[in-house]
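I've put the structures underneath this note.
Consider the two complexes below, in which subunit A is the common component and subunit B and subunit C are the respective partners.
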Partner chain A sequence: MKEDIVTISVVKDFGEKPYGRYMDINTKLSGEEFRKVLLVPSLKNHKYVHVDLDGYNRYGRSFLDEAFGGLIRDEGFSWDDLNARLTYSHTLVKSIENLIADRLQAARISVESAGQE
Partner chain B sequence: MCTFRKEQEGAFQLGESVVKKLDASRKIYLERAAIARWENALKRRGGRVNSHKKYGERKEFGGWHPIVAPENINVYEVLGERETYTKTLEFISEIQSRLGKGKCYVDFSATESLSAAAFVVLYAAVDTALSSRVGKGAVKVIFSEKSEQVNSIIRNYNLYKLLTGEKVSYSLDGVRVMPVMSGVGNECMDEIIDFIQKKIYLDKMNAETEYVYGDAVSETIYNVELHAYPNSPASEKRWWLICRAKGKMLHLAIYDKGVGIPKTVVEHPWFLGSVQNKHPKEYGVLLEKFPELRGSGISRYIPTVISDDKLIYLSLQGDVSGTNRDRHGQGSKSIMALVNDTPGGRLWVFSNDGLCKYEKAGDEPELVQLPQSFPGTLIQWNIELP
Partner chain C sequence: MKFDNLPGQLIALMLGWSFTVYMQVRSNSRAEALKTREKIVDKLEALSEWVEDELKREEFFYSDFESGYAGLLSQIELKIVNLNAHIGENAVDATVLRDLREMEISETKEDNDDLYLKVRHAAWNAIDSIDMTSNEKFFMKKGKLAFFKDYVHAYYGVIVGAFAILAVYYVGKTIVG
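Now for the complex of A and B:
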């Protein structure tokens, strides 16, 4: 892992109109695809990752939940690890940043509860 | 003759009618005059007034089957003396079953009003019934004799084109009024939000509001794709959308002809927790009846004790088990956000046998058991414009 920071621009590096949750339902530009193709490799290869969400204001909740919450639920990252290494920003829509924080927290609770059960 | 009704609060009419009440005697006088004119017209044509033929009745003519629209095409008035819901759905059902199977004429001559929610359901029925038609000629349209505004709606929102087999375009380039839009997946989604932003908000929509709209529309059509048509190929998971600004209100409705929310909500992993939380009594009744099904197996029996309106309400709550941890059930939060985060927001959800209405953010919804099953799901928001 490189001791550096990498920035991913959703619009420039992934697609202009991200939409939906699963790759098998909507094959283009889903949250799952963003996570698997860009986010997970970046987190594995770089110490710090920043996701720049600027350039699109119409992200659906499913896309954001699957892209970010899925890191904890499906990819095995811990909330603490992501809290230390992953940052994200949307200059104009703070609700998007708040929603990502909320979905990471929900995924953390989900995984911890499943562990206890 | 033209009679007018006070618009039901929360509902919206496509035609902006001038409200003018006719007293009873004037109404009777006008009706008698209309019958006399009809009888005279028949005599002039050499016909006879048959006792078995009633005024207003349409007969098959030269092999053309009539489908007669009711006076008020409106699904908002579900209960009470002015109930228009049942006649509207019967009309739409006849459209669905007869159109495309021989020569038909759709007769709007007696129609006085046309609501947007009913219009999009009607449009979808025509669209699907005629989807396999080749060329023009199998359908004729008789325009309203009662309201020019009904006629302009039929023309401007592309219903006339659809019925008569003309090509319907879903491009919004250069249009003043957004016609009914239709798509699969997120087709046209950005064009629709662009239209709302540019033509309705006049480029003054801030980024946070744009996000709330984008999220709600995106999640609603994604729900259609994910849940509404469980056994259909992706290309057939179609939705229809109508959007209209009227004064200071924006009315937006998305419709699908899928299996309905009550059928799919029971499949969600969070559903049982929500039932325990919101309907402990009914949950207890089920456990008494089926103790062997304790656990998720009981979900499929829930519709036997909880009506569709309540199941819609539960679906809009999403995961209310306390943790909000499940990945699914998130779309409903986006649907509710468009009501909760915009001033004057209202929400109506029709699906199968139920209707759930939020008249004010934060209030408990009004739940209604529908007198006749609704074909699919319609989600409608009313939003106050700045």
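Now for the complex of A and C:
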């Protein structure tokens, strides 16, 4: 693993209008695709990853939940690991950052409660 | 007309002028802030109507609906940023929109039957928070000392400058005799 930081710009590196949860014929820029194509490889190859969400203000809950929460639910990353290595920012709309934090926390709780069962 | 105390008179004039400007700026900023607050409340109230109208349409596109909803929330948040800029501090926090942002939208139209009610309640809660914060800021009596402190804070440079000129003048006058 390289000792470095990489910044992913959602709008520049992925698509101008990301939406939806899962990859399918009708959903070209989904949260699942963003996670699988950009987020997971970046987290595996770099020590720190920053996601820049500027440039688009209509991120849906499902996109953010699948992209970020899916890292814990489906990709096996731990909340502690992500908390230490993954950062994200939206300069104008701070509640998008809050929503990502909430989705990560919800994924953590869901995985922990599934583990206890 | 006596000019013996001209610097003192000029400085008194300067302080008086700065106070008048302060009052005017404060009044304009307050009017703008109240107008912005009204716009935010209107947009929040219209949110549940938008949800209801969209769900009445025959065709329901989940992704369009969700991104449209997120976009409306972002517009409201940008107005909150404007409101804070008028108030001059981060008085209304973006977390007032947390419940609205967290609103779970189902992919099928039928499962969203009561969504507009949930949105309406969350919007009312957000309006309450915004109202409480801005009422505290604009309508609660602050007292003369707090008012004076605000003025001093806003025109600190002018006041210090005025007293510095006065001090230099009188020190110079004492030395020269």
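Just so it is clear, the second predicted complex is superposed on the first by the 114 of 117 C-alpha atoms of A that agree within 3 Å, B and C clash if a C-alpha of one lies under 4 Å from a C-alpha of the other, contacts with A are read in each partner's own complex, and residues count from 1 in each chain.
We take it that a contact is a pair of C-beta atoms (placed from the backbone, for glycine too) under 8 Å apart; a residue touches a chain by one contact, two chains touch by 3 or more.
Just so you know, these numbers come straight off a predicted model, no measurement behind them.
*Asks:* With the two structures overlaid on subunit A, would subunit B and subunit C clash, or do they fit side by side?
*Replies:* clash
*Asks:* Quick check on the superposed pair: does A:Asn98 touch subunit B, subunit C, both, or neither? Answer first, second, both or neither.
*Replies:* Once the two structures are laid over each other on A, A:Asn98 reaches subunit C alone.
*Asks:* Just checking: does A:Ala107 make contact with subunit B only, subunit C only, both, or neither of them? Give me first, second, both or neither.
*Replies:* first
*Asks:* In the superposed arrangement, does A:Ser78 touch subunit B (first), subunit C (second), both or neither?
*Replies:* Neither subunit B nor subunit C is touched by A:Ser78.
*Asks:* Examine A:Gly69 and indicate which partner it touches, taking first as subunit B and second as subunit C; both and neither are also allowed.
*Replies:* First partner only, subunit B.
*Asks:* Tell me which stretch of subunit C runs into subunit B once the two are superposed: 1-9, 19-27, 73-81 or 145-153.
*Replies:* With chain A aligned, subunit C clashes with subunit B through residues 73-81.
*Asks:* Quick check on the output: what are the common subunit A residues between the subunit B footprint and the subunit C footprint?
*Replies:* On subunit A, the residues that contact subunit B in one structure and subunit C in the other are 17, 19-20, 26, 57-62, 92-96.
*Asks:* In their shared complex, at which residues does subunit B touch subunit A?
*Replies:* It comes out as residues 185-186, 189-190, 193, 207-208, 210-215, 217-219, 222, 225-226, 234, 323-327, 330-331, 333-334.
*Asks:* Which part of subunit C faces subunit A closely enough to touch in the complex?
*Replies:* Per the stated touch rule, the residues are 62-63, 66-71, 73-75, 77-78, 81, 94-95, 97-98, 101-105.
*Asks:* Which residues of subunit A touch subunit C once you look at their complex with the stated criterion?
*Replies:* By the definition above, subunit A touches subunit C via 17, 19-20, 26-27, 57-62, 92-96, 98-99, 102.
*Asks:* Help me check something: in the complex, which residues belonging to subunit A touch subunit B?
*Replies:* Per the stated touch rule, the residues are 17, 19-22, 25-26, 57-63, 65-66, 69-70, 73, 92-96, 106-107, 109-110, 113.
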